[in-house]
Amino acid sequence: MRQSIRASITIRGETMGQATLKITPPNVPAEKVSGPWGDAWRAFRKNKTAMLGLCIIVFFILVALLAPLLAPYGYKEQELVNRLKPPSGDHWFGTDDLGRDMFTRILYGARISLWVGFFSVIGSIIVGTLLGVLAGFYGRWIDMLISRVFDILLAFPSILLAIAIVAILGPSLRNALLAIAIVNIPTYGRLVRARVLSLKSEEYITAARAIGMKNSRILLTHILPNSLTPIIVQGTLGIATAIIEAAALGFLGLGAQPPDPEWGKMLSDSRQFIQKAPWTVIFPGLSIMLTVLGFNLMGDGLRDVLDPRMKN
Amino acid sequence: MNSYLFKRVMVLIPVLIGMTLIVFSIIHAIPGDPAETILGQKATEQSKEALRQQLGLDQPWLQQYFNYMGDLLQGDLGTSIRTKTPIAEEMLPYLAATLELTAASMLFATFVGVNAGILSAWKQNSWFDYAAMIVALIGVSMPIFWLGLMEQLLFAIKLHWLPSIGRMDQRDPVESITNLYIIDTILAGRWDQLWTVIKHLILPSIALGTIPMAIIARMTRSSMLEVMSSDYIRTAKAKGMSQFLVVYKHALKNSLIPVLTVVGLQTGSLLGGAVLTETIFAWPGVGRYIYEAISSRDYPVIQSGILIIAFIFVFINLLVDLLYAAVDPRINYNKG
Amino acid sequence: MAKRKWGNLALVLTLGAALALSGCGGNGNNADSEATAGTNAGATAAPESSPEAAKDAQDTLIVGRGGDSASLDPAIVTDGESLKIAHQVFDSLLEYKPGTSEVQASLADSWEVSADGLTYTFKLHPGVKFHDGTDFNAEAVVFNFTRWSDPASEYKFEGDSFDYYDSMFGPDGSRVIKEVKAVDETTVQFVLNQPQAPFLQNVAMTCFGIASPTAIKEKKENFKNEPVGTGPFVFKEWKHNDSITLEKNADYWEEGLPKLNKVIVRSIPDNSARFNALQNGEIDLMEDLSPDDLSTLEGNSELQKIERPPFNVAYLGFNFNKKPFDDVKVRQALNHAVNKQAIIDAFFSGQATAAVNPMPPSLWGYNDAVQDYEYDLEKAKALLAEAGYPDGLPETVTLYAMPVSRPYMPDGKKVAEAIQADWEKIGVKTTIESPEWATYLDDTKAGEKDDIYMLGWTGDNGDPDNFLYTLLDKDAIPGNNRSFYVNEELHTILINAQKETDQTKRSDLYKEAQEIIKADAPWIPLVHTTPLLAAKANLKGYVPGPTGTEYYSEVYFE
């Protein structure tokens, strides 16, 4: 019994480490909602921390979408005479060492981080689901093969694997996104596989088979919809992971390239001014942390609401 | 127990082989001619050929893999292209530095995490509980490279309390025997040096240990809350703070399992996160070693560095599983 | 049974590598710790346990610099960081007076030149020994020069090339030095094919430091990791990208030197981290102080500012192998699109002047008449249009910017970003790449990956030849001419200037050369800087040379 619990925990074995909390503070009432989405939403709304997470996310999505309207300057716009100026009325977050407005760059940075977060997770989900379904549904040697590949991929610390992939493909934002997507595939793959396996033995699937329903239809009408909730929960937490991983790659110079205003890259560029102009380092880091916090809170809340089983 | 160990190791074999396959493939995944990528297109055909021979790229694929495995089993991790030194020899001090850092981080994470978790549960819904859980929430969302920079800003640059970079005072180098400086200085009886080494360890290990610390705190708290609702503890608690130690001992025993789990889970993140922490704190560890190899396209070093880290990760997970069996009498592995 | 066997194999798999690893490392390590133990024993005489006590008798110098050495064999490198270490470990036949580029005796006590300028005879200092205990003599000098000049030398190891030798004494086929003869144990004679005006200046360069022939023969390609010379300091240990440790050469042939017992040179790439380390007392001397930190430095009484005499140039070079940079119009257009003054104001705090020519104004032969391409984006666009690119360049340009701080350019990546923004205004898009320093140098030398590269040069020997011929002549391909710029007319002028012995005539030739270079625009000369260093206030005897290399042997602490 304990073994299987551990296996399920290891699912997200090591991703940058942050935040795969399988256990939430019990002072947040976890309501068992088995009904339609409406019930879930009502329960979700009662969960204060989850709502806070949602607010943070919505805020950053708005910032990202409206960046061109909100930003007082261009994100590439340099004013060398105004370099390393502290926060002021003209420059709310100060300027960086090329005289670029930090506030503007933070706004545009939200675009990059959310974009990498969403799309890398969607990529991992698509491939992971496909492999998970294949493994779970067809079993036998296909299952063996796919599961072993997942095991192997999970045996590497994920950021290291991502670094290796970028080292092969060459540093760029696109390759960083690809690398992050690849290293997270097994997370979703295993999840879907486990779901498929447990559903396969359920009576209604057996019944569907008995009445001659085709495999592909069973998959589409029964199994995939039923795998959706854990994927949504995992995906939300996964975006948090992906954002941090992208920032880490950017920080190491393996992600976004200048003059892209990626938060991690901004951090590493401003590192040397930490004493003279701390605002150049404080704001990008705060932005990363807040965004990630938002997705983590929301992910925790979603799990409580949608999938209480995952809790234990 | 033995048969469980045996089974557990058996399952590892395909994983380990798969890992070597992946690492082995890194050099083959480079688009184009690897020799050319490493040496540049202007390199003479002669020197490219020499490199191909050194890397064994001139042989059939399967043959190359078997050679690679053969070398690996003999402890030969290849030769660095940049420094022309055997990697196994070159990596050892780096590896020790990383192990020291990760061990210190884990120690910090466990000590602070477990205690904060227990206190939080004991004082559920108090200000301490809220503060601790907010810190834990923020902790799990922390970009550790930023945390490291902020620590440097505060404790090294502003307050001058702790050194900002490195492992020791270069003026007074540690005589390295094991390359684990804590042990080296103790063996040499150099207590002043030990203190210097510890001071150098503090900031990077806090940066690296914060995420596991937050996770351990949250896990300990929730498992403690379960325990606290038992009648035995309720009685103890009703008797007041004098019973705190009783609860504490009891709780400590109970938190062992979640902590073990987190140790297993987080080793990977620690080993991976070490790349970032070591870059920020100029810590001469294996993460920085790999990172620098990427920048100089030293593929054999990248391969071996990643493989060794992954091996350690797998090995620690194995260890954790075995400890489970030892710690938790409820689990009977011989049946499973 | 079979299962059991597999189990064992698995264990071997998991642990084998780790065990073997510790086995291998153990040996190397023991040797190491023995070495350190030895020196520590020596040092314990003066207890250094408390920092206060150590201050009184400080005899270890810790230097922090921006980049690591690419190699420790001075003959195969061209970068200042490598030569800086080599300068401590090796001596050349001659050397420069500290703080100048004037030549004086070193391993050679005296020298004579024949009337026709074709024969130089050096009398060597007797009784000098290499660090490995073997004798320094005329044969050793011959061995070294033969190693550098003979293209088939068995001591020219895989991947190595003697760029400086080729560059200073002509490439294979047009060598300046015909023959080097050992006349007797302490007399060595150079016979030249043609007179070379800066010959003595060249011989004094660090890259022509005399290495122990025995060590080269024994260590082979590993010599570049474990150098053996006659210098004031003995090489001890190199932790790549971390530190290089040198120890006092107790048998140094110059009496009373070195004053220090030990020198540790650390690589701390981040300018602010390096400055922090100085402020925290983790290092004693830092190179390449960022001008941004100047005000902090001047407000700290425990530190001192050291200025290196300006003798350098930082530039962007076009790679002629890549289209469209073979087109002079494109090169001129980009020249017009760099706002040097804004860059100097922003990044150099007045510690630099805009560069017009490829050599510094303080050097004789500098051409004041040459006018720079002024910052004018309209002109730049017009020139691009003339070259056939009215809408800017169609492809993204790869711009290499230095990953490490250099004396002539404290933060290359930032300056590159400023230039990137200017160029975008005329429709030239760039990606900035900064691979690790050694790779950076290899890449730009190969000229395949970069379109435009940033680099700089600190004069080695106080002769214009060392800027113009060394960096821009066709003989310097592949090597220091990373632009692959070939101009026959320029080549003729530069060669004539080498053969000419009258300085006024030489000066005129170099002025003419600068005009040609201006017109061809193979570079965008950026700045000449006054490099800043910072040190603890109690550090004395450090005289920074204009050439960027100086002995640590005179340094001491008060």
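Chains: A, B and C, in written order; residue numbering restarts at 1 for each.
Just so it is clear, a residue touches a chain if its C-beta (ideal position, glycine included) is under 8 Å from a C-beta of that chain, and two chains touch if they have at least 3 such contacts.
The model shown is predicted, which means the values in this text are computed figures rather than measured ones.
Arrangement of the chains shown, judged by which pairs touch: all-to-all, with no pair of chains left without contact. The chain pair B-C and the chain pair A-C differ in C-beta contact count, and the higher one is B-C.
Chain B has the C-alpha centroid lying closest to the overall centroid of all protein C-alpha atoms shown. Chain centre most remote from that of subunit A: C (centre = mean of CA atoms). Centroids of subunit A and subunit B (each the mean of its C-alpha atoms) stand 22 Å apart.
Subunit B and subunit C have Cα centroids separated by 38 Å.
Averaged C-alpha coordinates give centres for subunit A and subunit C that are 46 Å from one another.
Counting partner chains per residue, subunit A has residues 271, 274-275 touching two or more of them.
Listed for subunit C are residues 273, 276, each touching two or more other chains.
Within subunit B, the positions touching two or more other chains are listed as 152, 157, 314.
Subunit A makes touch with subunit B in their complex at residues 1-3, 6, 9-10, 13-21, 23-27, 49, 148-149, 151-153, 155-161, 163-164, 167-168, 240, 244, 247-248, 251-252, 254, 264, 267-268, 271, 274-275, 278, 281-282, 284-285, 288-289, 292-293, 296-297. Within the complex formed with subunit C, the subunit A residues making contact are 76-78, 80-81, 83-84, 97-99, 253, 257-259, 269, 271-276. Subunit C meets subunit A in the complex at residues 270-273, 276, 290, 292-293, 296, 342-343, 345-346, 411, 413-414, 416-418, 420-421, 424, 431-432, 434. Looking at the complex, you find that subunit B touches subunit C at residues 6, 9-10, 12-13, 16-17, 39-43, 47, 50, 72-77, 82-86, 88-89, 91-93, 95, 152, 156-157, 160, 163-166, 169-173, 175-177, 179, 192, 282, 284, 288, 292, 295-297, 307-308, 311-312, 314-315, 318. Put simply, subunit B touches subunit A in their complex at residues 14-15, 18-19, 21-22, 26, 29-31, 124-125, 133, 137-138, 140-146, 149-150, 152-153, 157, 211-212, 215, 218-219, 221-223, 225, 261, 264-273, 275-276, 279, 290-291, 294, 302, 306, 309-310, 313-314, 317, 321, 324, 328, 330-331, 336.
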